[in-house]
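Quick one: structure below, then a few questions.
Should a chain be cited, it is by its letter among A, B, C and D, assigned in written order, with residues numbered from 1 in that chain.
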Amino acid sequence: MLAIRKGSATKGVAMYEIDEPKELPEGWALVEVWKASICGTDVHIYQWNEWAQKRMNPPVTIGHEFVGKVLKVNGGLGKVHEGDIVSAESHVVCHTCRECRRNMYHACENTKIIGVHMDGAFAEYIAIPEENLVKLPPSVPLEAGSVLEPFGNAVHTVQSADVRGKKVVVTGVGPIGVMAIPVAKALGATLVIATDLSPYRLQLASNVGADVTINVKEKDPVRVVNDLGGADVVLEMSGSQSALNQGLDMIVPGGEMCILGLPDNNVSLDIANNVVSKGITIHGITGRRLWETWDLGLALVSSGKVDLTKVITHQFDFKDYQKGFDAMMSGNSGKVVLNIK
Amino acid sequence: MLAIRKGSATKGVAMYEIDEPKELPEGWALVEVWKASICGTDVHIYQWNEWAQKRMNPPVTIGHEFVGKVLKVNGGLGKVHEGDIVSAESHVVCHTCRECRRNMYHACENTKIIGVHMDGAFAEYIAIPEENLVKLPPSVPLEAGSVLEPFGNAVHTVQSADVRGKKVVVTGVGPIGVMAIPVAKALGATLVIATDLSPYRLQLASNVGADVTINVKEKDPVRVVNDLGGADVVLEMSGSQSALNQGLDMIVPGGEMCILGLPDNNVSLDIANNVVSKGITIHGITGRRLWETWDLGLALVSSGKVDLTKVITHQFDFKDYQKGFDAMMSGNSGKVVLNIK
Amino acid sequence: MLAIRKGSATKGVAMYEIDEPKELPEGWALVEVWKASICGTDVHIYQWNEWAQKRMNPPVTIGHEFVGKVLKVNGGLGKVHEGDIVSAESHVVCHTCRECRRNMYHACENTKIIGVHMDGAFAEYIAIPEENLVKLPPSVPLEAGSVLEPFGNAVHTVQSADVRGKKVVVTGVGPIGVMAIPVAKALGATLVIATDLSPYRLQLASNVGADVTINVKEKDPVRVVNDLGGADVVLEMSGSQSALNQGLDMIVPGGEMCILGLPDNNVSLDIANNVVSKGITIHGITGRRLWETWDLGLALVSSGKVDLTKVITHQFDFKDYQKGFDAMMSGNSGKVVLNIK
Amino acid sequence: MLAIRKGSATKGVAMYEIDEPKELPEGWALVEVWKASICGTDVHIYQWNEWAQKRMNPPVTIGHEFVGKVLKVNGGLGKVHEGDIVSAESHVVCHTCRECRRNMYHACENTKIIGVHMDGAFAEYIAIPEENLVKLPPSVPLEAGSVLEPFGNAVHTVQSADVRGKKVVVTGVGPIGVMAIPVAKALGATLVIATDLSPYRLQLASNVGADVTINVKEKDPVRVVNDLGGADVVLEMSGSQSALNQGLDMIVPGGEMCILGLPDNNVSLDIANNVVSKGITIHGITGRRLWETWDLGLALVSSGKVDLTKVITHQFDFKDYQKGFDAMMSGNSGKVVLNIK
């Protein structure tokens, strides 16, 4: 079968002809991959940055956001069956660590990630633990199915705060930030403001429902937001130190900040004035809650309350994967999908 | 009457003979002060640091932690009556800002503080809004009554996290950190660890129930706590950058940090690894919740679950107030109480 | 001025010419009433049932749902000013009981109700504590402003459960049940089902967004809801014993029920199978949270997420109040508004 | 090996000599049982009441509360290993139903119970899914280990409410009600009141820390509790209709009731006055939260905050099991333990 792999410890990825998964361990399933979407993580692997070098041991088939059809299940829990259309949680958890015992699987201390620690989904077939599969209702468009995993990050971020009747600012509207916008509105936010440096991304934010967009190269976002009454909730998606500080500056006393963006380095924050004196709550967000986030995300998409096709800006044939990576690296894209079958 | 006042915009405070409060505005009460306790804020005012210079306009009678007897009420809500023994919330709130409307009075945007913005409690009599008074049950010792206000900070910090069955680390055991220890134990913490630089304070922490104390000059607190299984909850009471970082280092994935300590400057934090990837929640803590914190604190003290007399290490006659300030500034003290009547 | 009053302890109400409110106590405001809406409570007073007989001491001007303009404020908190367009919370709370101290003003033990315990809003002018007034943003239609108080009951009911991505059943779609439907959808419910006996009300439920309506005279609501996967959340608005039992029958394990409807008598429930074994949570709902419910409700209405004009089915001139009561008593109405100015 | 079994569909149980468990399915463990405790459910099985007749298909080895040593594990998650001292969760859950997916395993729709649906723990050896085992820290006394499962019911009940600084009433102090008392105190309750009909049980309640006991045959519990200021939280452990109504009568507005007791029939409740108008929250409690309840319970016991040996009133040799059942059926017992090895 064809597979996009990190073949060696150098920059880039390539398509290879490799064997289909042969042995299916007890509790695993074999899935025919139909569509897969490129994550920022895949770009890090492509670029072979420090994060990737620390975690990967090539050769590995990459990719972890996909939709496909179940071909076979070896035992398992009975969550999915042959013929089901499925997407997948990319984190394989241990079930025994302190966090798993507290149902905080998203913070599992022994997580393995599909397409990083084991062969992934940029391939015609993938072998994967059945418990990680999620059966899709027929009302979920296939394209949407291929981006449910990163959508889960957006849902997890929004669901961690109380956005009901609130003014919500999304700082950084890359693909996950963009997806957080319709989620916030669907869960009751009455004003959603997006900030970014990129006119392309801000336009995309408007397309999916942002009420106000602010290009931080042109305007002081703190002033604009304060003129609108301040932010009740800030969703930090950029990993930028200035966005973190601006977010804390614009947040009202008693407000909430959810941080999903990963800063490259330590960040310097005014804890005294912006966190303690304002009585702010900060939520660090990682992964998706198993399975509350998936259930909520699927309910929003299958009911039509969130239309994920609007965030998919590019689709390419599987063999044109390089165009997909180029689109991702240009910064001028939402989600980029590869059509495998 | 006698009163300790900030007489002018220079270092120090002094005792003056001044008039008793004459006019009692509608809704205010007159209280005979029996005992008052010296806060770190009073020390800042004494030292006339930047914080104090920004907020005060001398001459002002200082002090805001006290117990006394109600002499008169002009109208008011009927919370207290003549002859009641009372303590007081030091923050006078506006009732109309966004935070007050959401019952987040502790984050009121227009707070006035007794002994800072208006004449305070280091005096034989104080005039104060009746709504700020809290009637004490007879089972509360008078000394304890004089430290209920800072005790409320400790209670507010602990009640903001879930400490039931948890390992709790208190970083910084000045007076409020010390008071947080018995509160955490009373609310279900099964192991409480205290860290500080001062042997005196660590001994006090042991006296009030800390299971483990760590002098951070002698041992690496992160290593010691991790050897004990990590911290489920960190209560940051020191305002120190290193304590903040150590606290985040020792906290387990999914854990909570409550920050009451006010750093002097911006602090540099590893948000990516210690907040986002671990899925931590951080609570900024300011003031006391009106009146949930007072109700919980009073229940703990009046039932005997928390013995506040153990944290009062010094008592002086009112006229020996300088000895009280000296004790506070030595670092070798818990709470210091002035006996006024 | 003209006022609709309960003149004596017999059935009916009548319009009288009475003096305008003369003295305005400290902290009270005088409001010119523009529109007022008839509540089920007003109908109980009209019919002079047991509930009304126990609480009222005629003569009293009735009515407590209204919108109007502030003419004068005597002191007060500064929440509203002359010329402001306002609606009002109908419960005047004591601020000192245990519930008020815990910010549960809606459960105040000493509540007084406007139009029941003191002269109300079916009059050209009303005197009312300023703290009970709520200033309306210009984007709130005046008709909507006159029904914000009962809308608050609907908002309070929905906000007490987690409806995000959930299947929500509203049992009983009188005016408040009907208003709960768009609130549930605005806060993230993905399927809203309405049950009632009245085709008129079920049609109204459809008009405001119910996805499914069930006439319980024609179909077994438990079977229909179970075929749709069961109810995650039931909002009980009917006060009917059979609706309570059906609601508990259709709710999934771990689900939530919010009860606003007041049964006339004791009700017989299968606590063992439907509450304990299913691990259900039941929330009794009374009044509105001060002021979180008002803030959330106003945000939903002023942002356009909820259109309250759709639930107002009848408007009459003030003098035609009898037609208004007749419409209410017919059962074939949503909210009924009297135009006073 | 020896085992106490329900041999046929008639009253009583008997000891049999049967084969040791032979085959150990993948993921199961073999445990040598050291001590086991008799549950009310075992008494129902003994008496062969309707509940038992509906669920059991004799012959089955009964018993599900035990402590023992792991002899062998076939695969599994790695939670326990050979030689570990363990107790066990009695509910075997499906992991795929809606409730399991939401981490509400205690409400799993497909639960199987050890000693009811499969051979249980009143035997020298038991085969059991490894995921159901819980390794005990050395500081847990063996007797305590044998009652951790029912203790979990008590912990789950208390942890479902906020008891911090609260007045808590336990209605019905059979073994689980008794165990709830020290849990409530350990988690911050400042006054715990126990009600029952049995002087023996009320004495036991006092022994484990109840501040007040009320024999409802002698005094009106509603009056006594109201004289003490009313109940903030009621833990209903009796399954009695009168206790449910008294509990709702004595609860303060905004209070909470947790119901673990299973009434035999429908109960008649004053929903209007006691649930809706008071704004009460009611929690139905079933089983134990996996694994938060176990973690909290173990923390309380292993830290010494709760001493479970005080609730064990009788211990018998395994062969004297009839004496154990007699003690349970007398009503004059706390927990009754059988010493198997």
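Just a few scattered comments:
In the analysis below, a residue touches a chain if its C-beta (ideal position, glycine included) is under 8 Å from a C-beta of that chain, and two chains touch if they have at least 3 such contacts.
Given the structure is predicted, the values throughout are model-derived calculations rather than measurements.
Equivalent interface to B-D within the set A-C, C-D or A-B: A-C (over half of contact pairs identical by residue number). The interface with the greater count of contacting C-beta pairs, when A-D is set against A-C, is A-C.
In this assembly, the C-alpha centroid of chain C lies 42 Å from the C-alpha centroid of chain D.
Computed centre separation for the pair chain A/chain C is 41 angstrom, with centres defined by C-alpha atoms. Along chain A, residues 102, 295 each make contact with two or more other chains. Only residues 98-99, 102, 104, 106-107, 109, 239, 244, 252-254, 259-264, 266-272, 275-287 of chain A touch chain B when the two sit together in their complex.
Residues of chain C that touch chain B in their complex: 26, 77-79, 94-96, 101-103, 131, 291-292, 295. Considering their complex, residues 159, 164-166, 186-188, 190-191, 295-300, 302-303, 305 of chain D touch chain B.
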